[in-house]
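Both complexes below contain chain A, partnered by chain B and then by chain C.
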Partner chain A sequence: MHVLAASALEDLFRAFLQGLPPGTVYALFALGFVLTYKTSGVFNLAFGAQAYVSAAMFFKAREQWGWEIPPALVLSVFILAPLVGLLLEGVIFRHLRTAGDLPKLVVTIGLAVALPNLFNVLASFEPTPGVTPAGIVPDGATVFYDPFGVYPFSRDELVAVAVAVVAMTALAGLFRFTAIGLRMRAVVESPRMTELNGIPADRISAVAWMLSSFFAGIAGVLIAPRFNTLAPGDFFGLMVIAIAAASVGKLASLPGALVGGLGLGVFIAEANTFLPRWAESSSWLEPLQDNLTPAIPFMVLFGILVLVPGIRRAKAATDPLAGVDPPPPSIGMVERSRRDVLLSRVAGTVFVVGVLAIVLTQGDQVWVFRITEAVALATIFLSITVITGLGGQISLCQGAFAATGAFAVFQLVDRYDMGAIPAALVGAVIAAALGALLSLPVRRLGGVWVAIATLAFAYFFDSVVLQLPFVGGGDTSLFQGTAVPRPVVGPWDLGSDKSFLVFAVVVLAIVAVLVVNLRSGTLGKTLLAIRGSEVAAQSVGISPGRARLVAFAVSAFIAAIGGSLMAMHQENVNYGNNFEPFLAVFWLVLVAVLGVRTVSGAIQGAVAFTLFDPLILKGELLGWILRSPESVPGVFPIVSTWVFILFGFGAIQFARHPQGILEYQLHRRAVKAAEKRDGPGPGPPDGSSTGAEVDERTEEPVG
Partner chain B sequence: MQLNHTDGFSRRLALSVLVAIGLVVASCGNSGDDTADSDENPSTTETGGSDATGDEEFVSIEGVPGVTDDEIRYAGFGTFAESNPLGTCVMQCMAEGVEAYFAYRNSEGGVHGRELVLDDPVNDELTKNQEKALEIVSAGEHFGAFSATQVASGWQDITGAGMPLYVWNIHPVETQDEAVFGNAPTICIECTQRNAVWAGQQIGAENFAVFGYGVSENSKLSAQTSRAAIEQHADETGQEVVVFDDNLDFGLPNGIAPQVSAMVENDVDMVLSSIDLNGQKTLAQEMERQGLGDVPIFHPNTYNQDFVAEAGDLFVGDFVTVGFLPFEAEAEGTGQAAFREWMGELGHEISEVAMVGWIVADAAYQGLVAAGPDFDQQKVIDATNQITDFTADGLVPPIDWTTGHTPPTPDDRITNGSERTCTAMVRVNESAEFEIYGGTPEKPWVCFANDDLSVLEPEFVSFG
Partner chain C sequence: MSALLQVTDVTKTFAGIVALDGVNLEVEVGERVGLIGPNGAGKTTFFNAMMGVIPADTGRVELGGVDLSDRPVHERARAGIGRTFQRTELFTDSTVRDHLLVAERVRRGHGRFWKDVLGLGRPTDDEVAQCDQVLELLGLRSLAAEPIERLSLGQCRLVEVGRALMTEPTLLLLDEPSSGLDRSETAALAQTLRDVQDEQGFAILLVEHDVELVADFTTRTYVLDFGRVLTEGPTHDVLNSPEVRAAYLGTMEPTG
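The block that comes next holds the complex of A and B.
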């Protein structure tokens, strides 16, 4: 008995030690996340991207240029990383200092997409198979030390642990005992008040960004040896886990982040040590063993968000002097005449019908494919219009809802021989229920936290839910694939690509009308009222929770309809191609850049996603204009990566023009027309807005 | 649309590819011919060549896409290294093999009086396979196509347009299409294999650890069939699976330390892992750390000399299965000699996927020859599907294309498979180089009879 107990204790201790290296990785990222949040007030989802850039630079210098460790480290961590931070602050975040949390979050999502791609393009960097990134000490991966005689640590791991502890101590000291630390926090709290005290807020903010970016750089270089191939996606996925660790300290506590990161690593190691043994004797534990490990970070994050009241109250710092600014010009005051609205709608409809007619009569298979894909995607994007444009909530799990629709069609057709359209409707209802269920715990969270919770759900869906045979298909998908049939509607067989395109356009039109009606109906007004003032809305009997629940459900319903359309179009679910979490994050960027509150914004986002690459980057449009593909300059074709770089950086515009570039242009035209008619108004001539009023805007969109 | 940010995305893609490679190699490395044995060379497919290039009457063909009086043009589309999350060379390497093969055949006069031409391959950017396939179909300028891709979403569009398609067979569902010809026939995913059991027996291994990824049905099932194979022969071999985990996180972000500790506690002396290259390396590193560096791993997909060499002595002593005649085998008398010569002639680097390109290019050529001078796409597809013993001149175990698109079943591996299941096997030596294991350079194929699945005694054969 004593032997058994001793053995269990030894296993417990060994698992504890084994959890420290991965835990350190999480801790480093979590520390960096907290550091950025404390020093800039930005919930920086681009932290992983910043870390990747330094890790890739270090790798390139070491492996491809053959540099020694010190110069490679200096270049990647001491020069490049702070420079990235300086640029981000100077070019982007300095101008967003008084913007709300949500616009900043969208900007960081855009940066998370754009930064690694930009680095890869500029540095001609590609993953190198088989070459494990080296650490910052010689023989870091091959020399081991076993301080307890239980489990040896590599030099790289010990360095990472040491850096994490030293960094936590130093940063905590910086904030607690130094003037610069205090000033950093002060600038986050109120840049105006700080400046009134003679402190140069811009300079302090720049230092803060350089510091956090430097930390991202060192974290990236330290954790890189854990990956046998460097890939930006690994860093983003890691960041999601790190947010779970950081949330242990409510995003404010550096020791909390350190403990959270190490705790996650240790908890996973303990689970992997003991669960298999217990499952041998208790078979009911097997499903838990199967699914627990990948789910742990997301469960922790979700659990903290939902169950820890403090984190819900952790609102972003607001500047007490924000009121000294003159109120931004409300472009919502500019109304377009009914005639203009009608004209633009007729013109839009004629354009769409015209394009459709040309594609149906003249288009080859490729064009029919691309346009159908754009239509299906536009349907999915309309779900973002509902939840973000109307509901004011950033949901990063629309891909999971869309996938739910797609897999429902696959499963119901495969198992029950159901028609594809009824199956799609059932799938949409399931997704709506899922959306409603998800909204229950997150509806009281602030905007940023909803985004994080939905991101956690997206990854949970990806790593756990999808593995369930009644969702992803299990063996069936392995042996038969995830084929989805085209539907038959009464006498019409939609098997041909062109007839399916017509069907898809009809579905999109129905959903678009639904969204327009939602916007102008009770739900739309309710959501607008809540966005304007939640307290005021409650005082007149509006239930924000119920309204958000409905918004989530409707949004999930629409996403699932779009997902099933996509699957029917491609005749396969193709989850990895169509719905994986990071791709869905990019959807939000696209829609946010172009117009998150309008139907036309969603449609044009989908068109951009589908056609920007072939038409612009591959030079097809230029070739058509020049009447000869051979005349297209040699710079074409341009790599598709630029789609992500351009639209990723385009997200910066969201903070300045939260209505989206397209709607902003429409408003600008309307402002000019109004000025022509009524004389100049009080606002700036371009009708631009600052990000500060993002959450307070209540005007009606025009599209 | 390509998203270089990977994660769930790359996980699933990388995994489906790499594990599928393993499955192809491990489970069907491949089926032996009914009559072939070590002394026979059943290369009937070679005989058509001279007829097709020299003495036959030239037939002018109208209305067949990609065919002129001078050439037969093929398209290539698939995943390029820069779009591959793992960075490995896929489509470009396959194209190099195809180009080398075409150059070789063209140097002998081509086929039916025409040269074989492969257009510059197109990058499907990981997620645009279907769009690229439709571009090829819409252009209508190609007779057939070659594809090595991570996601085969466009293959059905190529074959739907009546074109023959020659592929790197890592997609077991898609190769069931009658017009898709891979470097191996459609595989039986759930069939147990005896090669690992036998290899373990040779080195006296009794306690096995078996690993697979939970996120992939491919990997999971492969791990389960590995365990089943050990258990199936346990009475004879005394082997036992003492550590089993088919729910590893892809990429092993949390490491694999607890599982290796369990291996230490259970005296594991051999590992069967159905995971990707990077995962194999992480596993080997952790085993090294915990003092199990000498315990061999049985790899389904690590036949990559550069990768193994880069890892130093991590993989020394490990077993690796190979789906084609290994480069360490005797090349003389097989297609490998010509492969080496023409790859060198064109300045291409020899690689696993280039060999795949060469093999499927031979399938394209043999199909044309078999279809005769008055050929079209359907005739070539039909003629290829009549070939019963395709070996690419001794590079792969004979493929019977009359049944090659239907997977065998665990209980009947002969009807849609063959009398024998054959796999080439190499082992990493002290210099971190591969050397033939089990067989000899002259007879490198390790074949097990399929009429009695309990038999663990292999036959070593050559198909050259």
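The block that comes next holds the complex of A and C.
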């Protein structure tokens, strides 16, 4: 008995030591993250991408150019990383100071997608699969030191700890002893006073960004040896861990981030040690045990949210320097006449039906397949229209909801021989319940918390839920395929691709009508009011929590319908290709760029996703225009990476025109028309002209 | 007969600083009551505590004999407390009428989800008529279809009043309605409020800096200082009492 206890203690201590090196790196990550959030109010979800860029640069310099370690380190961490920070601040975020939380968040998400791809293209870098990146010391993996005789530290690990300690000490020294550090602290502690004292806002902001980007870079290079292959997605997941660490300090405290990072590192190591033992007796722990690291952020975040209710009143950090110049007045919303709305709806429908007719009669199998995929994806994207466009909340787990629908069809058909369509409906109801449940702890929090909570859930789903036998069907089933049948509707068997396309379009149309109805009904109006002013909405008796819960549930329902449609279309769930978290993040970017409030925005997003690569980048369209595929210029085919780069950077304009490019263009045309009519400039027009026109106007944007 | 609004012994402490110290306040049905005090006296804190925006440490808030102390903000609003905001809180991207329509829909409480799904959630003619009636009352009828961004501050305050009125409040809280308005705009606002109140009979609690407006508009006034009620009584007497003038009004000439 005594021996057993001693060995358990020893294991505890070993896991503690083992958790320290990754813990310090998480802490570095979290520190850099909190630094930009506090000093510039930007919740920088591109942070993982910044870390990736440095890690990839280091890898490239070492492995492909054969550089020595010191110059490679200087280039990647001391030059490239701060430069990226400087550019992001100077070119993008400085100009977004007055934008709201939501647009800024979307911009960083866009960058998270665009930056790694841009680096890969510019540096013609292709991560070599299966090649573990080396650390910043030679022979990093060799055991170097075993202080207590329980856990041997490798050289990489020790260096990681040492570098992290030096970097944190330097940061503390900077804050304590330098003028710029003092000013940054001033910004953090009393923004108003900083403004009044005439402290140069731009410089502080630039320095903060460079610093935090440097932290991202160093953390990226230090953590890289833990991955088998360099992949942007892993760094994104790593950032989610760092955010969970930062949430220990309510996303606002640097010491809190430090403690959180270390704590998480140790916690993960302890859990990795002890979970397998417990799992022997309780088998439900098994899926958790295999994928603990990606599952932890979710558990920690939700643990904090549920157990520390005080955090739910934590205020989102706004840019402390934003007050320096007040936000520009919003362009007055100009409503289009009912005739215009009707006209564009009819035109849109005619166009869609026309395309459909051509594809069905003329299209080959490839085209039918592409268009069906776009239709299924558009259905999923409409869920983003509901939660982000109407609800004003960023949900990054729409992929998980869609996958819920897809897996429900697979499981229910497989196990209970249910029809595909009832199975899809059951799946959608399950997803809706999941969405409602998920929204409970975050529905009163600001947009930033919703974004990270949903992101953490996406990774939890990806790593744990998916492994459950009644979801992904267990390991083997996931690999062997999760087959999904085509549905049978009454007398029609939708086995053929063309008949299924028709079915998919019908489903999309139903969902689109649903979204338009919700938008113009009580829920839409209520959500619009909450988005405008939550306190004011409450003051007329609206319960924001309830409205958001409904929005989440509806959105999850729609996503699941779309997901099951996608699975039926491909006759397989294909989770990794269709629904994985990083991909779902890109969905949001696409829809945000093209129009997050309208049905047409969602459809165009889906079309862009499926057709942009083959048509534009692979030169099919040009070939068709030139009438001969052979005469397409040599630059084609362009790598599909550009889809991510173009739309990722496209997200930047979302901050300026949150209604999306297309809606913005329509809007501008309407404003011009109104100016022609009423004379230039906004201002209360005389009553006689509006009074008569009132009834011909309509409130909603075109669907 | 007990008062419409009965606030009993409300206390609120922020990190050791007593912002509200056992505040008692009453408003009778249909009465116009003022609440004044120097900056930092706790007016806004009191307002927020009464609405439930911040939780009070102790104390009771009753409206029409119903205890609202533990209710969330939106339920207090439904119970009959309407309010405006010192810094206008409006619904961006909405028209003037939209502001009232959403309030009207919530009050009627028939915004069922299934109606939205079936496309029956659009404003009914009846609702629009109801809103336009209030807009007419406030002189905003001609601006009904205007986006809120096009309105002047004075008009925005009226929209806030209109929005609050749609909830059919028994008590209307006005949070510094004169801030940002010039003298004539303030006078016009006061006149409109008085007219509407005559018609609808709700009570008003006015938190104000502008002593002239308080003197002109209210019949009874509370003076808050350092989180306590310094004095209370008929507005004229309160504003002329030496105690209040020393603490707050300085050398100001007696008014009202």
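Quick note on the criterion: the second predicted complex is superposed on the first by the 595 of 703 C-alpha atoms of A that agree within 3 Å, B and C clash if a C-alpha of one lies under 4 Å from a C-alpha of the other, contacts with A are read in each partner's own complex, and residues count from 1 in each chain.
Operating definition for what follows: contacts are C-beta pairs under 8 Å (C-beta built on N, C-alpha and C of every residue); 3 or more make two chains touch, one makes a residue touch a chain.
Given the structure is predicted, the values throughout are model-derived calculations rather than measurements.
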item	value
Chain B versus chain C as contact partner of A:22, first or second or both or neither	first
First (chain B), second (chain C), both or neither touched by A:538	second
Partner chain(s) touched by A:101 [first = chain B, second = chain C, both, neither]	neither
Partner chain in contact with A:120 - chain B first, chain C second, else both or neither	first
Which of chain B and chain C A:156 touches, first, second, both or neither	neither
Contacts of A:14 with chain B and chain C, given as first, second, both or neither	first
Contacts of A:112 with chain B and chain C, given as first, second, both or neither	first
Partner touching more residues of chain A, whether chain B or chain C	B
Residue numbers on chain A that touch chain B, as the complex places them	11, 14-15, 18-19, 21-22, 112-113, 116-117, 120, 126-132, 141, 144, 151-152, 154, 226-229, 231-234, 236-238, 241, 265, 268-269, 272-273, 276, 289-291, 293-294, 364-366, 369-370, 459, 462-463, 466-467, 472-475, 477-481, 570-572, 574-577, 580-583, 586, 609-610, 613, 640-641, 643-644
Chain A-touching residues of chain B, taken from the complex the two chains share	1-10, 12-13, 16, 81-82, 84-88, 125, 127, 130-131, 134-135, 137-138, 151, 153, 156-157, 172-174, 189, 214-215, 217-218, 221, 245, 247, 249, 251, 253-255, 257-259, 261-262, 277-278, 281-282, 285, 289-290, 304, 306-307, 310-311
Chain C-facing residues of chain A, complex	329-335, 513-514, 516-518, 520-526, 528-529, 531-533, 535-544, 550, 682-688, 690-691, 693-694, 697, 699
Contacting residues of chain C [partner chain A, same complex]	51, 53, 72-75, 77-78, 82-83, 85, 89-95, 98-99, 101-103, 105-107, 111-113, 115-122, 141-147, 149-152, 155, 160, 163-164, 166-167
